[in-house]
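Sharing a structure with you now.
Chain lettering (A, B and C) follows the sequence in which the chains are written, and residue indices restart at 1 in each chain.
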Amino acid sequence: MRKFLDGLYATSGWLAGLSMIGILLMVLLTIISRILGFSAPGTDAYAGYAMAGAGFLALASTLKRGEHIRVTLVLGMLKGKARKALELAALAIATLLAGFLAYYSARLVWQSWQFDDISVGIDATPLWIPQIVMALGTAIFFIAFLDEFVLELLGKRTQPTQEEYNYE
Amino acid sequence: MSEIAVSVTLVIVLFALLGGSVWVGLTLCGVALFGMEMFSSRPAGDAMAMTIWGSSSSWTLTALPLFVWMGEILYRTNLSESMFRGLAPWVNALPGRLLHTNVIGCTIFASVSGSSAATCATVGKMNIPELRKRGYPDEQIIGSLGGPATLGLLIPPSIILIVYGVAAEASIAKLFMAGVLPGLLLAGLFSGWLMLWALRNPDKVPKADDSLTFKQKLWESRHLIPVVVLIASVVASIYTGVATATEAAAIGVVGAFILSASQGALNWQTFRDSLLGATRLYCMIALILAGAAFLTLSMGYIGLPRQLAEFVGSLNLSPAMLILALGLFYIVIGCFLDGISTIVLTMGVVLPIIQAAGIDPIWFGIFLVITVETAQITPPVGFNLFVLQSMTGKQITYIARVCAPYFLLMVAALVLLWFFPGLATWLPSQM
Amino acid sequence: QTQWDMATAYPAFNFHTQNNVQFAKDVQAATNGALDITVHSGASLFKAPEIKRAVQGGQAQVGEFFMVSFQNEWPLFGLDGLPFLASSWEDARKLYEAQKPALEKKLDQQNMVLLYSVAWPPQGIYTKQPITSAADLKGMKWRVYSPTTARIGELLGAQPVTIQEAELSQALATGVVDGLISSSATGADNKLYEHLKYYYNVQAWIPKNAVVVNKRAFNALDADTQAAVRKAAAEAEARGWEAAKAVDAKSIATLQDNGMVVEPGTEQLRRDLAALGQTIVQEWLNNAGDDGKTVLDAFHAAR
């Protein structure tokens, strides 16, 4: 289970990285098509979808590395049980909110499919397709929070390493 | 329920969630959800998903992740080190020495990027480690990044000036021109403050290297060539029409790769680290942006900013008092909402008031953008604060405190703008 | 008291927005405040591409959308964006009447009710260099923003450039774009005269906005209130079309006052464009099928 979850977060993190490359390629294609005078319709829209991929698919891996920011002022002042209680409360609220986000993101895909919602741009993409990355990313984000909550409850949660904080 | 009671309740919920160490992006979602459920009759979920999707996939924002990536690539080259070597001989004579590289770096990068977060992330990624390595105090490193990075909004190109121009029926070309002098004025104020601080705290500024002759200084400046070429090509791509301001970020990424390859720093590991590092930093910002988009929607339904603006309008103030009241209004609301949202939510109400008072819309646009700049560094919700927290690991209260002088400098700039309106209106009138 | 939110994308000074605000006031007066509509202008609630769906899903009870934008979804939404099909105000009105039954049916299927539809001023060609025929547009950097404008560019042999509205004025200043099709009003609002010299008032097409209400929200009103809304909507429609004409005249004057050369376009240019229009209408018909044919036949009969 542990292995599966970590694999899930890592995979979606890599997909987010690929999306980031996608943004670059789409924007470059827009520029090059204009210079060379060929038509590359819809690249602006695809760059936007790729950006959504980069943002949403990285949610879980960013959380697991402790890079989503929070204000830990009060938390830092507490010790022992009080600290654990606040940490659990924060994780519970965050899990609920992430679940809310994930549920309605999935509903968005479903409704776009039902409404036949199509991009108004030249790309004419059925919107449920790119919106899958939002549903997927937020669902994995929810799982990651649930994971953190359970680990904290069991006392097995390791504080994310903050190596990136110091550049040296 | 009165507007004041609604505002107070929402602020309490915001502080409770933030103080309870709930992640910032989710906190904003939580406040938005609470507000919509409590103070409007509209169901929140579907509208939230639609809005978040719209803002997260909007082409206009694509420059942000790309600039973040550019910063991550450059951080893995020795560009910042050579830039510091090139600049050091020149700024060493100034009190505050290399701290000025933050102001200079932000001012230059602001002419490439239209957003404050991108400016903060890119310049910060390069400058923070170099300045720390040289022994400059954290409080000044962080403050002199957080404040000046907001220039990304004022110095053209600027996303927010475009948003304002469209709403106010003002010429975007003129607004861009109007932002130049106030932008430089602010940069000057920031540098001036650094000098003042350095003169009063000489022991906190690391020693300069040996003084050089003018010729030696020029020779040292050769280290600036890579960074100058990189920035110049991005700027040139915009002004020659090769790329739009949004697309220029992609030119920046390609340029950063070329630079990295030419230094032999580009390999699989640096590529992977820069890519995944950039994706995560962007993701951190994107979650907060998503929360901010939902909060904006919630505010739109509740109508709070609009009612407050209507209230200001109903006071029938003289132009001077009106500007004072609006300045206060935008600064206070900027503590809690991000700047572009505030403008979008209130323009419909505020513009007619401004027109009726006979205030120049170009001037007002610049005034507004400076208030929005303050919003980037005022707690509890300030994007530059969050970016700096993520890059330095410091508490947000600490970052807000070290950025506070820059907030006051911006307020001073607002006052100067009132007494010398030509700062904003002179350049565009020459067009 | 019932409260509705009306989502619109255009800024407060725009004539569509002003017309919508008046509509909301009329409804409030006619129902003695029983129905209160808040107009959220300038995309402050939802952005342009989201508004139709927001009304469909009930996130906003009322909304205004630009029909041509939605032709990917249903070709008939793009009817009033077909070039040189209806180039005068009278024809545009007839086209609307012909389109209306199919439009209402489609919106009904999508859980919406059409309240009114108001035109934009006619579309003309903006260029940096003077043109006398379609051949002069060949190779020009041509701004495209929709399937139709892309197809026009392709048929003209122009070089298509995708530029979003937000970056239009900068793109013109730096020479990314040197020609585009847009209305006189958009040209005046975006101050296109700062960068372009010529406006050919060829009246390529007269597109419309639709103001729609969520069906469930509308049906929840009592009969009197529904009638009041219908009445105010009819007035808004009449008022809006008149305003569009006035705005067209005023915008053309603004363009001229700011040094732009405004011309009707040469005979040759108009002939070339008419031929191009026929190609596009034919392609549209192939795509739109029987529904499209019925509407077009009704339009030609009314002419």
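Everything that follows uses one rule, which is that contacts are C-beta pairs under 8 Å (C-beta built on N, C-alpha and C of every residue); 3 or more make two chains touch, one makes a residue touch a chain.
Note that the structure is a prediction, hence the values are computed from the model and not measured.
Distance from each chain's C-alpha mean to the overall C-alpha mean is smallest for B. When the C-beta pairs in contact are tallied for A-B and for A-C, the bigger tally goes to A-B. Chain C has its Cα centroid 37 Å from the Cα centroid of chain A. Put simply, the C-alpha centre of chain A and that of chain B have 23 angstrom between them.
Looking at chain B, one finds that residues 46, 50, 58-59, 246 touch two or more other chains.
Of all residues in chain C, those touching 2 or more other chains are 49, 53, 57, 164, 176, listed in ascending order.
Each of the following residues of chain A touches two or more other chains: 30, 44, 111. The residues of chain C lying in touch with chain B in their complex are 3, 5, 11-13, 38, 40-47, 49-50, 53-54, 57, 59, 163-167, 169-171, 173-176, 189, 191, 194. Remark: chain A residues 13-14, 16-17, 19-21, 23-24, 27-28, 30-31, 35, 44-45, 47-49, 51-52, 54-56, 58-59, 61-63, 65, 67-76, 86-87, 89-90, 93-94, 97-98, 100-101, 103-105, 107-108, 111, 130-131, 134, 162, 164-168 touch chain B in the complex.
On the side of chain B, the complex with chain A involves touching residues 17-26, 29-30, 33, 45-46, 48-50, 52-53, 56-59, 61-62, 65-66, 69, 128-129, 132-133, 242-243, 246-247, 249-251, 253-254, 272, 275-284, 286-288, 290, 380, 386, 389-393, 395-397. Residue ranges on chain C touching chain A, taken from their complex, read 48-49, 53, 56-57, 69-70, 72-73, 110, 139, 141, 144-147, 150, 154, 159-162, 164, 176.
Within the complex formed with chain C, the chain B residues making contact are 41-43, 46-47, 50-51, 54, 58-60, 157, 159, 162-163, 166-169, 171-173, 176, 238-241, 244-246, 297, 300-301, 303, 344-345, 347-348, 351-352.
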